[in-house]
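Two complexes come next, and they have one chain in common, chain A, joined by chain B in the first and chain C in the second.
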Partner chain A sequence: MRGEMRHALLVAIVSAIVLAVAPALIGTYTLTLLVIYGILALSLGLIWGFGGILCFGQAAFFGLGAYTYAIAAINIGESTVPFLLGIAIPFLFAAALGAMMFYGRLSDVYLGVITLVVTLLFFRFMNSTAGPEYVIGTARLGGFNGIPGFQTLNVPGDPSGYIFGDAYYYLTAVALLIVYLLVRWLLASPFGRIAMAIRENELRVELLGYDARARKTLLFSIGGAIAGLAGTLYASWAEIVTPGMFSLGQSAEIIIWCIVGGLGTLVGPVIGAMILAYLKFALGQQSVIDNTLVLGAILILCVLLMPRGVVPTLGTELRRSFQRPQTGGTRRRPGASPAERAHV
Partner chain B sequence: MDLAAIFAVEILYALASLVVISSGLAVVFGMMRVINLAHGEFMMVGGYATIVAVKSGINIYIAMLIVAPIVVGVLGVIVERLIIRRLYGRLVDTMLATWGLSLLLIGLASMIFGNTTTGISPPIPGFAIGRYQVNGYSFFIILAAVAILVAMFAVLAGTRAGLVARGAMQNPAMASALGYNPERVYMLTFFAGSALAGLAGGLFAPLLGLVPTIGSAYIAKAFITVISGGASVIAGLVSSAVLFGATSQIFTLATTPMVGEIALLLIAVVLLRLLPQGITSRFFRGAM
Partner chain C sequence: MSDSVVQTRGLTMRFGGVTAVDNVDFSLRRNELRCLIGPNGAGKSTFFKCITGMLKATSGEVWINGHETTTWDPHQVARLGVGIKTQVPSVLDGFTVRENVWLAAHRVTAADGVASRVAEAMERLAVSSLANSVVGSLSHGERQRVELSMILASRPWLVLLDEPAAGLTAAEIATLGEIVTDISRDAAVVIVEHDMQFIRSIAGLVTVFAQGRILMEDQVDKVMADARVREVYLGRKN
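Now for the complex of A and B:
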């Protein structure tokens, strides 16, 4: 465990340096969004890559965090409590949803359908709340137009001390590093070990006396909380929340980031998110080739050619070229285990 | 009385449209255990094929019933050869690759046709039942749904090809020992599923304005219907289409379309929680 944490600290220090230098190359406004997407990708990278839970609706927690923050910020006017609520509400919602699914022993595809449907429910509901009767406290939900004009993040206790621009970028960067270290610590703990064991063979873990259902529910909720954090940060960055955050496209993007970056790693999804989000931003500047087409092509090629993702593939290649040849078991993609084939 | 007739037609139409939308996906999932998340985009391609054919002077029925299925069927075979063939048995990877395919097709369609709505008018005029006006085309969709179900049953249960297909799905090694090539069977099954998606796209082309992103309106419904139906292709499709179609339409008529849609999604969640392997894991077991 100690070795792993030392490795994690090293990664964190390198990332901190990269994040500190990055504003010299890309504007902090864009960078902030990339970092937020990194946190969001980390949430799915945790539950999918290490827990083996493929959630088609990670966008639900992202959007829920953002909406919670926006609604609470309008009602309260100071950002500390809304910020915490923006993490707590998605955590609780994920716990409820996860308990329903995991205690019902739902398997892969069915899990995918339920999470997808829940995301669609949010999307449809939020789109239909344009009327003045949809009010929480003093906040109107606003339907398709979303909620603008709420208090953005401020220095705790000082509602006029807005955090914005470069300062906000550094805040999100620090948040990303803290989340990364916490998740690393979680995975190195006995809880994380058992979560990975459940991914590999749920039945065997249960026979050893662990309650896989409760553990999966907890892991799923932690993923929900991290996605919620990304949502609250996004709300403060964009200064508006819209139902588009719950869309299928948003969910698809999170999954693509993880696949491209590499499952079973934490750095992979973050890098995947940042590269692809930047690529999308850059592609948005031109009109020769459609942006969706490129994303789709990348996803297909990655599934076919690099099913383990860019970071693990590069890692293996690098190790192979630097080290003596050795026999090591390559790690399977959790989504492609034989157990899954047997279940469907 | 008139109102009751209208309600009956509306509910039947809701069931029928679910059957039409989901049949292609049901064939592919039920027979091959492949979930094609590009199903909605296959329908979109079918819709565009219909509209292009009609605009170049082909009769609308030929465009809908022949051109669209063939175009999408051929597209399906290409996709099967290039992508899906490499991913058999890897359910999640297939879903992801076809999701990528769906994005790719949306991108292609918006580059070719632009992000604008195009459409054609329904070939059957509406008529009145008592004081109410009905869309005549609804009856055509209902008829088409019945025809699709009958044809699926006839092919699967009544022909040698259907028998071979079912055999190859159940036990590819045995089928191959008996001299049938499972690869070919998979390819033809995927062709059939894609052609059904194209047919559905053609049938719905006159009803809704067509945009490149229209697939997402279909895919969730089709996905939910097929998964909730469970393993049997036809029995599962019919039972979940009846359940979801009736629920959503009753709620729609009683309140608003939005509530109807939310009711459909909620009942799907509850259903899957109670019957995680779909309706036909419990009821109609062993049906086709």
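Now for the complex of A and C:
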């Protein structure tokens, strides 16, 4: 585990340097959004890539975190408690949803359908809350127009000490690095090893005496909390939350980020999210070609040419370039075991 | 529940209109080695799955070491100290041999003792040289040994093996016989098996299943010589 954490620290240090110099190339306003999407992609990369749980509704937790923050910020004012609630509520909601699905022994297909339906329910419901009767405390839900005008993140204990601009970018970058290191630590722990084993062969893990349902529920909840954190940070960045956060397009994008970046790694989904979100942003500034068409083409090309994703493919190529051919009698299938791959 | 460590009372399992296990009363004593045999469709594997929690019996009771486990899930049964091997080798193909065995040892061992427990289990099943190999790249026989070493690493007092000799070569079956005999020194063992040569090699009491019921229980030689057993295996003479 020590070796894995050393490796994770190295990745975190390199990432920190990249994130520190990135404002020289791209504005911090855009970079902040890319980092937030990176956190969101990490949440699905964890539960799908390492837990084998394909959640079609990660946007539900993202939106729930954002709405929770916005509603709490309007009612409370100071942002510390709303920030924590923006993580806790998606965690608890994911725990309840996960328990229902995993203890109900739902198969992967039904799991995907249920998470998708939950997201669409949120989307439809939030769109229909325009009337004055839809109010929580002093916060009106606002229907299609969403909730604007709430207190954005401030220095804890100082409601007038707003964190914005470059400072907000560095805050989100630190949040991404902390989340990465915590997830890395989680995966290197026995809990993470067993979660990966459940993905490989759930029956065998159960026959060894582990309760797969409880562990999957906890992993799913952690993924929900990370997506909630991303939503909370997004709300403070955008200064408005809208039902679009629960949209089918948002859910699909998170899945595409993970596929393109590479499942089974943590860095892959983050890089996938940042590259594709920036591409979408750049393409959005022109009107020659439809950006969804380009993103679709990239997805198809990635699936055909790099089915394991950009980061695992590049990682394998780099290893091949730098490692000497293996000698000796130990037979190994090409590539490392999941536990070893999880170092990235 | 007397001195039995495994007991079933009136155990019945139906799939729609088919009764796979029909009112079976079964008993196993501590440190006993028992083979369950019978022709295809006799209900052995279904009975095995009912004991391990992989299937929930339609009616009847399963008791393991004083606990009624009829409605328990496999992980709860395993937590009683039961090692379970399924018909098809159930291993983690993407993990190395060491990681597979670690998973078994971790649940029952304090952190500082896991490495030695893993090494010991791999040594006992002669898979130490494959420790860093990815299990998916191993032969069927090696995978069977990896699964058995996982079971041993969990230090069970009761071992349930479903067709451990399936797909093995004659040499591997001979080795398996030695391994099972070795395991049975410390644990009660129930083996569901087709291979009569293998059953002879490990001896012990044999329970014969036919049409979901227990046909007879006796020593292996007597079972082999019994006309009823020959009849269910070879078909009724006209």
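By definition in this document, the second predicted complex is superposed on the first by the 324 of 344 C-alpha atoms of A that agree within 3 Å, B and C clash if a C-alpha of one lies under 4 Å from a C-alpha of the other, contacts with A are read in each partner's own complex, and residues count from 1 in each chain.
The criterion applied here is as follows: a contact is a pair of C-beta atoms (placed from the backbone, for glycine too) under 8 Å apart; a residue touches a chain by one contact, two chains touch by 3 or more.
These figures come from a predicted structure and were not determined experimentally.
Once the two complexes are laid over each other on the shared chain, residue contacts for A:278 go to neither chain B nor chain C. In the superposition on chain A, A:200 makes contact with chain C only, not with chain B. Looking at the shared chain after the overlay, A:164 reaches neither chain B nor chain C.
Of the two partners, chain B and chain C, it is B that touches more residues of chain A. In the superposition on chain A, contact of A:190 is made with chain C only, not with chain B. In the superposed model, A:120 makes contact with chain B only, not with chain C. Judged by the touch definition given at the top, the superposed model places A:108 against chain B, while chain C stays out of reach.
Once the two complexes are laid over each other on the shared chain, residue contacts for A:210 go to chain C alone; chain B is not touched. Taken together, the two complexes place residues 333 of chain A in contact with chain B and also with chain C. Touching chain C in their complex are the following residues of chain A: 190, 193-194, 196-197, 200-201, 203-212, 329-333, 337-339.
If you check the complex, the residues on chain B that touch chain A are 33, 35, 83, 86-87, 89-93, 95-97, 99-108, 110-111, 216, 220, 223-224, 227, 256, 258, 261-262, 265-266, 268-269, 272-273, 276-277.
Residue ranges on chain C touching chain A, taken from their complex, read 52, 54, 73-75, 78-79, 84, 86, 90-96, 99, 102-104, 106-108, 129-130, 132-134, 136-138, 150, 154. Here chain A touches chain B in the complex through residues 54, 100-101, 104-110, 112-114, 116-118, 120-121, 124-125, 128, 248, 252, 255-256, 259, 289-300, 303-304, 307, 333, 335-336, 340-341, 344, going by the rule given at the top.
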